[in-house]
Amino acid sequence: MTILLAADKVSKSFGGVHALRQVDFELRAGEVHALVGQNGAGKSTLIKILSGALLADTGQISYEGRRVHLSSPKVAQDMGIATVYQDPLVYPELNAMENIFMGRELRDRFGHVDWRAQHQRATQLFTELGVAPTFLLEPMGRLSIGLQQLVLIAKALSYASKVIILDEPTAILTQGETERLFTVVRRLRDARLGVIYISHRIEELFAIADRVTVMKDSEVRGTFAAAEISRDRLIDLMAGHVARAEMQAGRRIGDPILTVRGLVVPPRVKGVSFDLRRGEVLGMFGLVGSGRTDIAHALFGITQPSEGTITFENADVSVADPQDALGKGIAYLPEDRKAQGLFLRLPVRFELSAAILRWLRRFLGAVDRAQEERTGRDLVAALAIRTPGLETPANALSGGNQQKVLLGRWLARQPKILMLDEPTRGVDVAAKEEIHDRIFQLAAGGVAIIVISSELPEILKVSDRILVMHEGHVTAVLDRSEATSEALLRAATGERREYAGTPA
Amino acid sequence: MRPGAFLLRLASTDRPRFLVLVLALTFIVFALTTRDFATIYNTFNMTQYGVEIGLLALGETLVIISGGGSIDLSVGSVLSLSGVVLGMLTMWLRLDVWVAAPLGVLSGGALGALNAFLITRVGIPALIVTLATLYAYASAALVLTDTVPISGLPQTYFVLGQGQVLGVPLQVVVVFLPVALVLHALLRHTVFGRALYGVGTNEVAARFAAINVQALRFWVFTLSGLLAGLAAAVMTSRVASARPDAGFGYELQAITIAVLGGTSIMGGEGTILGTILGVLVITVLSNGLQLAGVHPIWQLGAVGVVLVMTVLLNQWLARRRLRTAPRAA
Amino acid sequence: MRALPLERPGTPAAGLRSRGAALVRSREATVVAFIVLLGLYLEVATGRFLTLDNLGNVLLSSAGTAIVALGMTLVILTGGIDVSVGSMLGVVSVAVGYAAAAGWSLIAIILVALAAGTLLGSVNGVVIAFGGIMPIIATLGTLNILRALTFQLLRAKWISDLPATLSTFGLGLALHVPVAAWVALGITLAFLYLAVRRPLGRHIYAIGGNAEAARLAGIDLVRATLFVYAITGMLVGVAALIYVGQTGIVQSNSGVGFELQVIAAVVLGGTSILGGRGSVAGSALGAFLVAEIKNGLTLLNISGLAEGMVSGVLILLAVGLDRLRARGRRA
């Protein structure tokens, strides 16, 4: 067996935190090698090192038997290692064919762009992939994400790549698109290329992979032939055993404050029903693209559902926009802190008061500055936000403190329902604990809380009940007593089992 | 510290302070080289020329701060057209001029609101909308008057643009300073101002923080029109007639002044104080050059030079800061 | 315009449609339809539109705008803008005027115009590419500076009574069609060739579409930026030759407001002000439409003063309909 690409005892750490520890990995020609593990297990760091986006601290990378130094993505690309990322980098206005050749146009002897040759070559590439090239002249922006991915795979082939890395390619694909992608991947394998395939979806791995490498806690837990490992064993290796905190004393869960029935939010949420009670922490678990965030957006008025009813405090309601949601007492901490959350350049004082401007309005629309500062100081103290002062711009704070600022903004509203989307992403361990404690305190105070998270330990730790989603449907609602990491992973990968409280 | 390094630091940390310095230097240079410049009469008198362009620049400041590519190219044409409206109401409909003037100002607001509607409701980029209305409003002013300035307005009205209080032009005291103060308060001390900087800095975050982005932009463009209408009322009084081409070319000057004053074209940054200093620098420069016998056209050229140099310097300093920052941390 | 040889596909469909798709082509078709319908209406209403003389006039008055609009299209495609072209036209016209008045040969005058234009455009390019200044700010600055320079060069006078050296450019006919229009057509073809066949042309589209992806693909952003502003300057040089030849006079306000006409032509032609999408042929058609409207107002005895209202409303209609169409598609 020819070994195409290998990592030998590769380690990498960021600021003293190990992201990879002595990792061995090898990719053979003519195999599809799946790389699995939970978020934070180290998959993406390994991929970045293999694709030249990061340099390893120690250890060696070899390619076709020779030791190599992958100093940049370009170097890796020129050697024949191509990576197709989850969010494709495309030129939306240019057609698919141009997207393949941009920057490395085929030229005739006058230096012209040779459209005929490009068209032929593109047709040939897609024929090799077993895809009818009917969309070559469509603007890229009008192709589905699935087709865009195929175009990028064709692009990778166009520079004679031998290794193709697919980073969670199916996370946002439909069933049909996934099938088509599998056909393409099998053809690549049959053409003796090596494919590294990263995915969360266990059942997929058995359909497509020849070998599977499992990562957990920055280490490789083993590499197995796909035919020789069971699904249960794989989940066990990925999940490990997560210690669960005991339920806090003194918490009393009350009546439902929010009842959702048959909620449809195009394109991803396809009919979701659940209840949320006062004083309860409801976890929402599922893969990226399973529709968790879309539900929160619909409840916050960012998007509009096409079907379904929302009952809030015993009355049917619709949420027109975020102002409306906040007026009702529904708050949402968005998942992307930098793009959707913070203003960054503005002072912490403003970040904290942005959602309560209406309450600070005095005569002639003036802001009650004293009240604003009082609120700011109270929140900084209550959340133990480490900042030089209220006038410091938010981007000068650490990730954890930025997140606490954002949390503070919503606490200032004293919401009845607080939805937290990935509340501890990119946050250090200490801040994470503080945020979790704060969630418990709020729940004890009667606030109904939804926590959306991709991290199993976090979901298991904070939730009273856990709603698991898969492709726009709820596949399980688990009580704290029956929630295990295995059960969650099973439900999140589409396995539907009857649990107590699962809506029909 | 070497004086050069000191200047650089000043410019990089605080645009208003830098402009005060530029202003002082310009003033001193003209005072030493140009006769009649540093007289009390001239110093006060020249401020009247800054009022109209200053009002436009203030509107432009609000618009540009609101971000998302917001810009108002139509302010000059709004000035022309609302001046014509004022003139027509007075001379053709025989309204009292003190009734017609506020209506003229409001007509500016209405023209601004039309821009705002097309931008926020129809969803056409601001650059395109205001480019189109720049044409349309200017042309409407010409068609309505058949290019003939409307004159013969009542003498009493001229006090606004030609009167003085203690040697200071009346329009500075009763129009520009109050408006600037109100806008300063609006930006610094009101909910509207907070939301404006928020939207300009990060539109998505503002939306998630339940700030009504479209409503805000609507008001900003409407205000810009209103201020252009006010500028028209002042100018009509100062030149004693409503000229249909009164605001020709003013849009570019207004934008220039706003940017010179530290308003970032990317949105989210800018102050009223900065814009006022920008107006002062431009006014002193123009006046000084004029007294020195340089043709008025060079006032514009000087504006251009000052603009490009200021922004280049700013860029360079920002990059230097970026490069040196990690070492400091 | 149907017979443009370069738009005829080398590869069936590919050469033609590759320019960025049906979207753009449909927009060009819209502009052509506008031109034809307006033309028919004017002919029926006045009986004076479809005469050789009148069509020649329309072509002549659209030539300069069309030529500069081609360069502006590239600038806007990269996501930039150049509002200094009017002032540039002023400065280059002064240079051309002095050269002509001094009795220089036609070739020499042409070289002066092209060199001066390219130089001024390159200044914009350098300031934007190396100075990192937003294009709108940089060219706003040069707009003011160059306008002052025009005035300074003329020293409060104007140049007139020029020798006939340049009148070919402004008023000459070849095959009953103004020479200026032939020049515009030739340059349009050259730009189509650039935009469709040359890698650089494609890179310009890529930069406006996704600058980060273009950088990662190894496309030289600085080179492309310099190129688009310099070439726009050069085209202003050509427009100045036509302008001076046509009017026979150079004044300190020559070219004032020209930038807005040019931008209007580009926007009418379907180029997105946000960059990445548009077509050079559309811009040339847009320039023709602007000139046709102006001509129509004259023929209909409507005051030329209303021209701004008509083109303003037209721009809003064209772009507004595009927006609504885009929304319809997404839904």
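Labels A, B and C are assigned to the chains in the order they are written; within every chain, residues are numbered from 1.
Everything that follows uses one rule, which is that contacts are C-beta pairs under 8 Å (C-beta built on N, C-alpha and C of every residue); 3 or more make two chains touch, one makes a residue touch a chain.
The shown structure was predicted, so the numbers you read here are calculated from the model rather than taken from an experiment.
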Between B-C and A-C, the pair joined by more C-beta contacts: B-C
Most distant chain from chain B by Cα centroid: A
Between chain A and chain B, centroid-to-centroid distance (C-alpha), Å: 46
Centre-to-centre distance between chain C and chain A (centres being mean Cα positions), rounded to whole Å: 46
Whole-Å separation of chain centres (CA-atom averages), chain B against chain C: 30
Multi-partner residues of chain C (each touching 2 or more other chains): none
Residue ranges of chain C touching chain B (in the complex, touch as defined): 81, 83, 127, 131-134, 136-138, 140-149, 151-152, 156, 252, 256, 260, 263-264, 267, 273-274, 303, 305-313, 315-316, 319-320, 323-324, 327
For the chain A and chain C complex, residues of the former touching the latter: 73-74, 89-95, 97-98, 102-105, 107, 111-113, 115-116, 118-119, 137-139
Chain B contact footprint on chain A (complex, rising order): 300, 302, 321-323, 325-326, 332, 334, 339-346, 350, 353-355, 357-358, 360-361, 364-367, 369, 409
In the complex, chain B residues that touch chain A: 185-186, 189-195, 197-198, 201-202, 204-212, 268-269
Interface residues, chain B side, partner chain C - complex: 71, 118, 122-125, 127-129, 131-140, 142-143, 146-147, 249, 252-253, 255-256, 259, 265-266, 295, 297-298, 300-305, 307-308, 311-312, 315, 319
